[in-house]
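Letters A, B, C, D and E mark the chains as written, and numbering starts fresh at 1 in each.
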Amino acid sequence: MSNSSSTPLPNTNQAYAQAPAVTQQSRPIRSKSVWVGVVLPLACAALLAVAQPFWSSYLSDLIVKIMILSIFALSLHILVGGAGLVSLGHAAYFGLGAYAAVKAAGPDGSNFLVMLGAAVGASGLYALIVGALSLRTKGVYFIMVTLAFAQLAFFVVHDVGYFGGSDGIYLMQRPALGALDMESSSTQYYVVLAALVLVYAFIAMLRHSRFGHALSGIRVNEQRMRAAGFATYGYKLAGFVIAGALAGVAGFLLASRDAVVNPELLAWHHSGEVLLMLILGGVGSLRGAVLGTITFVLLKEVLSTHAIVGNAADHWQLSLGVAIIVLVALLPKGLVGINDKWQKKAQAQSEKAPAATEKGEHHG
Amino acid sequence: MLETLAEKPGTAAAQAMFSLQQIHTYYGDSHILHGVSLALPQGQAVGLLGRNGMGKTTLIRTLMGYVPAREGQVFADGKNITGAAPEKMARLGIGYVPEGRGVFPNLSVKENLLMSARAGLDGQKNWSYERVLETFPRLKERLANGGNQLSGGEQQMVSIGRALMTNPRLLILDEATEGLAPLVVAEIWRVIAQIRQTGISTLIVDRDYKKVLAHTDHVVVMEKGRLALQAESAQLQAQPEQLSALLGV
Amino acid sequence: MADAHNPAAKLSVRALTRRFGGLVAVSHVDIDLHEGEVHAVIGTNGAGKSTLINMLSGELAASSGSIHLEGRDVTQMPQPQRARAGVGRSYQRTTIFPEFTVLENCRLTAQAQARPRPWRIWESAQHCDASLQRAHAALASAGLQHQAQTIAGSLSHGAKRQLEVAMCLATEPQVLLLDEPLAGMGAEETERMLTLLQQLKQGHAVLLVEHDMDAVFRIADRITVMVNGAVVATGTPAQIRVDPVVRTAYLGEEEHA
Amino acid sequence: QDKIKVGFMLPFSGTYAALGNAIENGFRMHVTEQGGKLGGREIEFFKVDDESDPAKATDNVNRLIKRDKVDVIIGTVHSGVAMAMAKAAKESGTVLIVPNAGADAVTGPMCAPNIFRSSFSNWQTAYPMGVVAAKQEGKKNAMTITWKYAAGEEAVNGFKEGFEKNGGKVSKQLTLPFPNVEFQALLTEIAAAKPDAVFSFFAGAGAVKFVKDYHASGLSKTIPLYGPGFLTDGTLEAQGEAAQNMLTTLHYADELGTPRDTAFRTNYAKSFKLQPDVYAVQGYDAAQMLAVGLKAAGGDIAKKDVFRTALEKATIPSPRGDFTLSKAHNPVQDIYLRKVSGKENKKIGIASKALADPARGCRM
Amino acid sequence: MDLATFLVQCLNSVQYGLLLFLLASGLTLIFGIMGVINLAHGSFYMIGAYVAFSLAPYLGQHFITMLLVGVLLAVALGYLLEWAFFSFLYERDHLQQVLMTYGLILVFEGLRAILVGNDVHGVEKPAWLAGSFPLMGMMQYPWYNVFAAVACLVVALLMYYTVNRTRLGMMIRAGASNRDMVRGLGINIKRLYRIVFAVGVALAALAGMIAAPMSSVYPNMGSSVLIICFVVVVIGGIGSITGALIASLLVGFVDTFGKVFFQELSGMSIYLLMAIILVWRPEGLMGKR
């Protein structure tokens, strides 16, 4: 039996938890209504698709960035929200994906599929190796081992000449597949949007599958899962590899958007940042991951824009920090928590005044 | 006889060491305790019986201040202390042995015991480290084991010993004999009797109602968050039919 | 004691030993669990009963000795595999999924055994009939069907203990290793559990660790008594009741005779 | 006529924030001196904090290019960021003036008609030190020490080229990972190897600590420490005693004594209550370069060719002394030999006259 | 490498290791024992250094007094911070602490830029520690480094004693595993933790003050320190002070000799060390199994 108490993260071993078990962090498995789970995300995606021609190129660019980071955050969500495995090295898979894509590209005419394949393959493979080793550990130790392996990858990319050193390498030609040419920014937009929709759908499906439920079980109480007959190591490793490979997809998209990669992509503070986005959104749901990403990116964007906040933009760090602290203080369950609160309130109201059933449909 | 336990403030109940008045407790939206009143007078042993899920633990947790009562008051020595935090309650002389023991896994047995050592409210130090070990000789052999390296029964002993180390005037035992071997259970009842003799009050929750009746002055039976029956233990021992209906035995 | 494993037994254990540093928690224990029998293991606190169960279920590695399941050596088999081979256990300390509903707790453990394989990720877990059926059946046996949709963490202590057993039942094991299933249960639930055990022993081998002597003597077909890691006596309830060693070491001079 | 939009993409937070501020100050000072106009056009400023993070460089530069639609970008300090900026600038055609980042590649393989540099190349500041060390100081055997990253390696290679061409020999090249500042182990190596001289490239806090540690270890008594000027620029207050009498080479020095420089320094000190440094000069000159180009193009920055040819032909009257631009758009400038005296880097001679970067790999 | 050089390198390793322990000691308290994931630890270190820089003009020659004043200020700051930002977080998901401390880092950096600017500063060593003693040929070793190492050992001993031998230490550790139970035993856990947190902050600040004359005082100086502190605490085994001390020395050796022998990839040496140790012993060197 491991000692859960001295490892503050995550709270997997319930053996000694006899304090009130239902706390604010509890996340029962429950099926969301079709409305919130399926229709809303699809509607958002459709809206994004239709609106593209009206965005300015800057906005379109910003949205592409948010979407790529969302894919990145979603991939991490498989681990953090799904299996309770907090990885502080996820940027490594993102960065390796980007590097692999660039390395797989020919000097002229880069094949979209080859690059994508290389990205997924490289990050998936590295995730397999890292996962196999790091899943022996738990809690904070797991966090730190994933960090250690990410740092290893960082230094390899940074110090080995083949990867172009600290200044990184360029992609001479953005990937293309027939008419699908990533040189065009609207193609970029739609490709990334499609990828986001697919990844979101895939992870949602994963969560509702027996595999996903097994991961949740492992998150809550791995000991019991093993006693019931789940080879938990295999489940976790599979989750780890999937998460790594999807991060590779995000990395590939980033590389084909920026056409330049550098070691900083793998840096630990990017692993930290994506984790923060997740926590900000609330680790309980996929919407949280996307919501957190949007909020984080927009907050920073807004707070550092002179046109909006004037000279306060010079001190965007300060204001972003304050904003984060306020959000943490007010939102114990992250941003999705607001939505839940509203829903509850609306429910309570509709219960009190049964006549006003129409009003019940409040969504954040 | 019922009146001795649940009275209006200002009368005997207010004089009691600890008392609860018309307590309503909720977990989130679910209403668990419905207007419970209970007095724990000095030097008395009170038994709390009831089937699973009737609110015994909740009542104790409310008294201890872990769960706030939404309505009602808590008194200590006649003073209204509603809303006092657990540490305050403990300082007022309650030794708490929770359901499920709550042994600190990362502390050794010795540390588990020593960490709570303290003189009682009136300065008495009846319970010392040595005396606890004498009471539970099994622990002597396990002093260096971490709390998570103990058998279930050993943990129970640590939990009781730790509560005694605070030299309480009221000892709350929530299923303290759960998981203990018969010999040890007998020993614990013996200790309880001994404690009772030294004038420490006890509030005992235990599934062995016969033993509870034998070791208490009063018994309170809970049903769905209400007090269904209050009586003197001796009387119930003589006429157990009332109990059988409530406990399903 | 014989060194050979008993081929007729569902689970047969020989010379099983476990050390924690200098402490021998379980020392050369031989036990045979037969189908149709409730085999109780009683003993002082810290005698090594839970450690024994931990080794039988594969949670702890044995320091030495061997375990055979239906004639097969499973001493080295990892816990999950052993569970799927039919060894189910419950925990002395409640080990549930407090965040999930009671039903989901059982469904999840049932899923470990259910066929179509988990990589069919397009299938919804909540509609997995095979595991749902088992879960409902287990809840009914344990008397929790009314609380199927309650969040497990908000159950009372006694109900959690019921759930603990239900989760073990949901995996439909051949061999049941129950670590103090009656602890914390009220009189009624105890009664139900005993009836359930009576039924279960048809077709199952049951190992019951329990301190409730009334229950043990009522239901056990065979009793093993452990003290300080070693078996001091094995026999029928009648034999154990009068065994002088057992009386002094464990039962005490109470009215169990 | 609209204002000319100038976008600063500089580090305003983090380790290099002081440099970013100095560059901005220098630039603004020149604009103010010209009455708020360059080439007859009013100037409007935009700012983006690049955080010295290359992974965010593409997004940050796109904020200026796509959101603010700037005509000119001024940036940045960090080489990796500058490389990503160069890529984006090349693609969008926006004029980029690099006011610091010395990556050889910016005016090497990455050179482009719309990319200019007002500062230096890493090679350029180190090569003369090699020449001086071998010829003037008569050193035969040197060791180098730097962080393992592109800028450090380029500088060290520049030194080596100059040193070995003139009869010296670099016996060992020590590196340590960026931004590690535990030098003790490598200082011990130096003490054991006993070279005639040590050349090192560090900047900012690393430079402070290295110079201090070198001094504290007693090595400075017997083995002189050389470096490009960054080793002692803007850090003398913090280095104090330890830096005294050190020789460095750079395209600028405190108190050059020319009327132009004196005027610059007084004006700067008056405007910002700060002593100017080389970064301020580079910012100032970036503004001068922009002015020259704009003037030739009649204020119309869209006339890219005019703008470019004007700059290629111009002589910039910099506080550091006149300089011209090479084919690859890097300054052709005098490199001074400087000696630390008190809190100043005093010019004691010219290490190399009108030195041009070899611009290896530039095809334009 | 000859023997003399080797010995000096060993000395370097030990000295760096001890300094690391000093840096990590505060984190061992706040993170290792209290269980709060504190990313802002590096910021406290930075604050310490800036405090030293600000106090130096007044107290520069009364170095010990300066340290004391700084520590007191830091305790006050820590006490306040815990009250304002952490007291309500214990009941929540641990991940929320990560977010909170990240916010604090940004705030501290922002305030630092406004209050003291972005320049690199130096702090003079006190005169009585400014000298050095000779070592291996032309090399010298500063007395100040010896002072820092001794300070570290003192802190290590004090901490070890307090946490492992006193009742206060037992309460702190108990609180990390089950707050509610500790309260039920009559211990005011809120106040206790506020004090422990404050002491942790003070230790970080003390490390910053002691390090300031050796390195320098500069923006973001905390962030590079942060990770290595976590590495030390985790390699040692969370909650173990002895472990942290051993881990510090180990990291000191690996870093030093990594730089000497494997220059090309020395950046990854300590991470490789951490990966190997944790794969070998998943709970750290001295972690409880």
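The rule we apply is simple: a residue touches a chain if its C-beta (ideal position, glycine included) is under 8 Å from a C-beta of that chain, and two chains touch if they have at least 3 such contacts.
Every value quoted in this text rests on a predicted model; they were computed, and no experiment measured them.
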item: Pair of chains whose C-beta contact count is the highest in the structure; value: A-E
item: From subunit C, the most remote chain by mean C-alpha position; value: D
item: Most remote chain, CA-based centroid, reference being subunit B; value: D
item: Centre-of-Cα separation between subunit D and subunit A, whole angstrom; value: 38
item: Rounded Å distance between subunit B and subunit C, as computed from the means of their C-alpha atoms; value: 30
item: Between subunit C and subunit E, centroid-to-centroid distance (C-alpha), Å; value: 48
item: Interface hub residues of subunit C, defined as touching at least two other chains; value: 93-94, 154
item: Where subunit A touches two or more other chains at once, by residue number; value: 3, 5-6, 15-16, 18, 20, 22, 155, 158-159, 317
item: Multi-chain contact residues (two or more partners), subunit E; value: 109-110, 113, 176-178, 180-181, 239, 264, 267, 288
item: Interface residues, subunit A side, partner subunit E - complex; value: 2-3, 5-11, 16, 19, 23-25, 80, 86, 133-134, 136-138, 140-141, 144-145, 147-149, 151-152, 154-156, 158-159, 268-269, 272, 275-276, 279-280, 283, 315, 317-325, 327-329, 332
item: Touching residues (chain side subunit C, partner subunit B) in the complex; value: 20, 42-50, 92-94, 154-159, 162, 180, 183-189, 211, 213, 249-252, 254, 256
item: Residue numbers on subunit C that touch subunit A, as the complex places them; value: 57, 59, 78-81, 83-84, 88-89, 91, 93-101, 104, 108-109, 111-114, 118-126, 128, 131, 151-154, 167, 170-171
item: In the complex, subunit D residues that touch subunit E; value: 13-15, 17-18, 21, 148, 174-182, 184-189, 191-192, 194, 204-205, 208-209, 212, 216-219, 221-223, 234-235, 237-240
item: Complex contacts: residues of subunit E adjacent to subunit D; value: 1-2, 4-5, 8-9, 12-13, 15-16, 109-110, 113, 117-122, 124, 132, 134, 136-142, 214-221, 224, 255-257, 259-260, 263-264, 266-267
